[in-house]
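Chain IDs A, B, C and D follow the sequence of writing; residue 1 opens each chain.
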Amino acid sequence: GTSTDTSSPDPTTAEETTSAPAESESASEEPSESPSEGGSEGAGDVPQGDGTQTIYLVSKGFQHRFWQAVREGAEQAGEEFNYKVEFVGPQNETQVTEQLNMLKTALDSKPAAIGLAALDSGAASDLLDQIEAAGIPIIAFDSGVDSDIPLTTVQTDNYAAAQAAAEHLVELIGGQGTVGLICHDQTSQTGKQRCDGFKEYMAENAPDVTVLPEQIAGEVGLAANAAKSMIQANPDMVGLYGSNEAAATGAVQGAIESGNSELKVVGFDSGKTQIDAIKNGQQAGAVTQAPIKMGYETVVAAIKAINGQELPEVIDSGFAWYDASNIDDPEIAANLYE
Amino acid sequence: MSTTEETKTEVEHEAKKEGRSGSSFQQLLVLLALVAIYVFFMFAAPNFAQLGIAIDILSQSAYIGVMALGTTFIIATGGIDLSSGTGMSLMAVAAGIFLAAPPYWNLPLGAGLLLVLLVGALIGAINGANVAILGLPPFIATLAMMMAARGLALVISQTQTISIANPGYKNLVQGNLIPRFELGGSTIAIPNSVLIFILLAIVAAFLLNKTLLGRYALAIGSNEEATRLSGVNVRFWKMMVYIVGGLFVAIGAILYSGRFGFVQPSEGVGFELNVIAAAVIGGTSLSGGRANITGTVIGALIMQTLTKGLQMMGLRQEWQLVVTGVVVLIAVLIDIQRQRRANAA
Amino acid sequence: MAKLLELKNVSKTFPGVKALQNVHLDLNEGEVLGLCGENGAGKSTLMKVLTGIYTPDPGAEIWLDGKQVEVKDVNHARDLGLSIIHQELNLVNDLTVAQNLFLGRPGSHKGGFINDRALEERAAELFDRYGMRIDPRARMGSLTVARQQMVEIARALSYDSRILVMDEPTAALTGVETERLFELIRDFVSPTTGLIYISHRMPEIAEITDRVSVLRDGEYVGTVVTDEVEMREIVSMMVGREVSAEARPRTKRLSDEVVLKVSNLSSKNLLHDINFEVREGEILGFAGLVGAGRTEVARCVFGADARTSGDIEVRGKRVRIHNAVDGVNAGIGYLSEDRKQYGLLLDQSISDNAAMATMEKFHTAGYIHDDKIEKIGKEYSKKLRVRTPSVAQLIRKLSGGNQQKVVIAKWLIRDSDVLIFDEPTRGIDVGAKEEIYELLDDLSRQGKAIVVISSELPEVLRVSHRIAVMANGRITGFLDNEEATQANIMELATVGKPVVEGAHS
Amino acid sequence: MSTTEETKTEVEHEAKKEGRSGSSFQQLLVLLALVAIYVFFMFAAPNFAQLGIAIDILSQSAYIGVMALGTTFIIATGGIDLSSGTGMSLMAVAAGIFLAAPPYWNLPLGAGLLLVLLVGALIGAINGANVAILGLPPFIATLAMMMAARGLALVISQTQTISIANPGYKNLVQGNLIPRFELGGSTIAIPNSVLIFILLAIVAAFLLNKTLLGRYALAIGSNEEATRLSGVNVRFWKMMVYIVGGLFVAIGAILYSGRFGFVQPSEGVGFELNVIAAAVIGGTSLSGGRANITGTVIGALIMQTLTKGLQMMGLRQEWQLVVTGVVVLIAVLIDIQRQRRANAA
């Protein structure tokens, strides 16, 4: 994991990150590289389309800015290789059935390939069978599914990323004190992994850190209120973690409003408000995924699948820790979205 | 005279509402709206014009539709049920707990299903008791239940997705009692959920129009005090109506969870609005006293056809929301205008 | 000289109903014009056309002071000097009396701001002027129907209109308030004003009107000068046959067996130690002034209201009655005085309404036999002469009197041992009234125990074998029909009450 | 002219029955419920017993509370507004577009705020027109608007978070017009949002009780037909009520977005239920005709106190939901029981 190493102040985390999944040629090592560069690297073996074929991506929603970034990456690849890209997702990230209806619609519209960011890892198995039977290649992205039908999975290792956030927080607070977490969701795999990764890291590696029971809030306003309540109820709190864009933004807001400027807040993902907060010191740092790259690589993988090319089992789109010190580094900046 | 006409017809409108189930002309109009929407998508959405898509729409609207059948009774009494969405999650989670493999209870299918219905009846009975006995406004009673059910679904599932491997369960909903058949070169399979939906619609129509339950529900919605003074045990029948509502939600939960064989405890928030919208688009009056089962079915189909068609058109999500809002409005408006015109005569 | 008001060629068609056909009507200055006709004859509809609520069919003409006008809406009607007291109360229950009086009225606010104090003062003045004792700050919904009616009257009078229409204003009033109303009417009528008075009570028509116009089946029959004709002539113009007035019951009670026995009944606010019995085949009348507590007795016995004490026995057995279901199960039927609020499902059909109290006869294991319901609906519609195109017609579309008949049908079908009729002929025309009296006689012959509450003394005298008179929540005496007269009833009704509430100052 | 005792008491009794805003006893009861909940948390939740927390509760309930003030008028007419939640998002996004730095419009604060209010009035007017002129049931009209507003918020924001750097904007909501002061050793700062909330509550109470708008809203809710026959232009006043509702939502949107200084287009879904619950807990009747501004304020505070207290107790989210459901139920139940007792008397 080269880039992750360089961008992270602590190489061990990054080592973990990239070594866990099966090594893959294209993506995992270059998580922070801009997608077009990443693409151009493999451009030789990505065949151009004729502009008539559609790649249909079913995402988790459009509630978070994150998905807009994924979409941008996907559309960028579509343009570059002359494929049409459809990008849909349910209204919020609990609507599994709605997502499956969308997947069914995707199947009905007979695209050249389908991408799926599954809200639930088990729910889609029937539809995956049908998609396979229809001879449409399917690529998983963002989150995997419990099935070997998808030809590959383009994803962040959320568990490892959460551990990285925890590790940085431990360092920021000097290894002791009370910390809280705001998790954006308690039922999805992503939500759980980001909560569990954080908590388990603390349990295993930070004996002097007390972790408060998590509050769940997937919207900024609610997260802000929850964070503030948590801080007020526990004046000894020294650190706070928010598990996605909304939760982290809310955590920062809660910290600001509570007037506790000592509190170290670490987050997940980016977005304008988190970036601003990190720049002006209200937030210590965050883990970013590589959403644009994730979208880009998903489409590239789909094109390869359409053309019968081999794909690795997992394409790790990577993650990176960023803070005020490296936020403007080109490798980091490329993964941040406003 | 033209300006006068409007205010006057409004007064007259008050004076002449439709009967218990609205006219057959009304049902025709809602049906026409559905057909119009359908035909529109046949031209506007690629690949929409297949029998398979129509079956999809039917099966995807089944659980909302079934819940809407029950809610129709509740609305007929002048009540409302905001707890159907999260109540559905709770019952689906219950189904998971009863039927999934250990550590869950792994009960035989029949017993599990019965218990789910029981949970549905219980939730309905609590709503019913709050409304009929304690006298809470249905909006508040079911709003409280909506919150509580959401919490409980998360509590009892321990926020885990539960997958129900029981093949009989999935088959109940997804299987094909009607054997697959060939038509125009493609294989047509009608999932049982569609049959269940149709069957329950017939049952609901029978209950509403031909039994004491329906008659008293409408009477209560029409004039509760007069119904009470006619010697009708209003509390009892209201309770029954909410229990029936709960049972339909339970069946909705089975259709929902059986479709994919898994249960997600936090889904279902907001479904209640689609459920209510289906009933109201179909001509059931929110002030009670007028209800219409065929209309409810068509209402559910309109909602699902819209969703499916707009998705297949590849319209951006945000525009889908806008369009759905506008079409729901127009669909109900047609009904309103028709009533007015009939009255203006 | 031009008439104050002339209606020419007025027709009004509702879907399936021709309510008015080429009706003519005229009103002179300084006159009270009676408007008579059977239930459903079209009286209310004609007045709604006049006051801008309904649009007539094309061709209708309305002339005021010799000028043709087109009444656009309620406010326009008011601007033209036309106001109306509707047959049904049109009050806002959640507002106070004063707020109701000035609702929607110019001058009730200053630039959108309301001074309730000032409104209350003006209301108090108004009530003073009209001799009514009503608290302007009382919530409308907490008043009895009679008081609400008084508020309606005060409101209509206070508009200082040139033409005032009163559509059955006394249906909820007893004799004393009616007398008071007549004084107000006489005060109102001046050489420049006129009043149209609708009533089914012929003595009132005789007393207050100068001329009477008659409608039948939506058509204009004719107009007579009140002093020149006998009332029965007007009645026969209305119904096309003779109807007797001044009569007494034609039946006797069947036996001495007590069917209903009420002892020591009291309620929280009003009723005090009420005791009475009704025997087999007996009709017990309840007379009294407005607010005497007759309705409350009925509701407490039936179970619709809570009582603080009191035993109820039906055929010698003590029955437990805590709500209306208990009441019905114990064999008691109660026909409420307020049909719209407590009696009818306005958006359901005649048959469905008629069957509502007797559903156990029309279902098997919950399955409803609609054919039987329709049959019984038809049977009773015919028996009670409900004017309607079909028994599938919604109640809302019937005239007030016809609606009343459907409520009566409901309880006749129920066939309880004990029947309590609270103002059973409210809004019913003279012809139909006689039919209802005959029905009561029939029921008496069948051995039912019947209570009839009525504010019309002739009616009480016509139907009751015995008369209980109430005042201030107590029974002040019983009179046998033979000894009863309007005078001795009134004496008992005013015991301990030098001043009659509501209508007198 | 003498009067008997009985007549006197009757008149007095009638006068004492509740007027249009419920008795003061009722307000007392809801207030008691709030106090009870508050006292409970003083013991149950660590560090809850501070003035700062109370101010927090006030300021965090401000935007829901302000929207509830407007919705109270709508409910008073017998209507309902389901579009307040997503409508708030839409108006917040509009605020962002008007006020944020280029590429947005970067208008002066006053102009921007005015435009936001205009958008609010417009949304309200569309709801009003659908209800009052087209005759759509308020539930459906505002449900459609709820969907459309959500879509539009996403469309016009291009699903971007918009940050409003304008310092005046944030200061308007977050600043302290009342200077900070010391109390018991800690600095107390009352954010302007709290002042705005209180001020608007007074305005709303005045509008409801002392102006035609409130009077007609209540009259329409109590008996629309009688109000129309009294010569009131029911359509016009219903329109006005929905416009006022929209204006309050706009102010809610300003309070909401001003708190954060940025706007997220997809928030606000489901807020409408909290808004309605606040009004109903406060004693406003969903069937119309009875409304109570003080109650609405207390209702909003009850909801926020609950949230805050349960969060500070560290209760798990799912249990928070269950508890909130149950407490809402009990709060309304108290009111209902009181009414019953009063009526039985």
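Please note the rule applied: contacts are C-beta pairs under 8 Å (C-beta built on N, C-alpha and C of every residue); 3 or more make two chains touch, one makes a residue touch a chain.
Bear in mind that the values here come from a model prediction, so they are computed numbers and not experimental data.
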Chain of greatest Cα-centre distance to subunit D: C
Selected pair, greater C-beta contact count between B-C and A-D: B-C
Interchain centroid distance [CA atoms averaged], subunit B/subunit D, Å: 30
Chain centre separation in whole Å, for subunit C relative to subunit A (CA means): 74
Separation of mean Cα positions, subunit D and subunit A [Å, integer]: 37
Whole-Å separation of chain centres (CA-atom averages), subunit B against subunit C: 43
Junction residues of subunit D, two or more chains touched: 154, 159, 225, 228-229, 269, 317
Sites on subunit A at which at least two other chains make contact: 62, 91, 186
For subunit C, residues contacting two or more additional chains: 53
In the complex with subunit D, residue positions of subunit C that touch it: 53, 74-75, 78, 86, 89-96, 99, 103-105, 109, 112-116, 133-135, 137-139, 141-143, 268-269, 291, 306, 472, 496-499, 501, 505
Residues on subunit B engaged by subunit A in the complex (per definition of touch): 46-47, 50, 52-53, 56, 60, 154, 159-161, 163, 174, 256, 259-262, 264-267, 269-270, 307-308, 311-312, 314, 317-318, 321
Sites on subunit C touched by subunit B in the complex: 14-15, 52-55, 70, 72-73, 302, 304, 323-325, 327-329, 334, 336, 341-349, 352, 356-357, 359, 363, 366-368, 370, 392, 394, 396-397, 410, 414
Parts of subunit D lying in touch with subunit B, wherever the complex brings them together: 82, 130, 134-137, 139-141, 143-152, 154-155, 159, 224-225, 228-229, 235, 269-270, 273, 276-277, 280-281, 285-287, 317-326, 328-329, 332-333, 336-337, 340
Residues of subunit A that touch subunit D when the two form their complex: 62-65, 68, 91-92, 186, 212-213, 215-216, 219-221, 224-226, 228-230, 232-235, 246, 253, 271-273, 276, 338
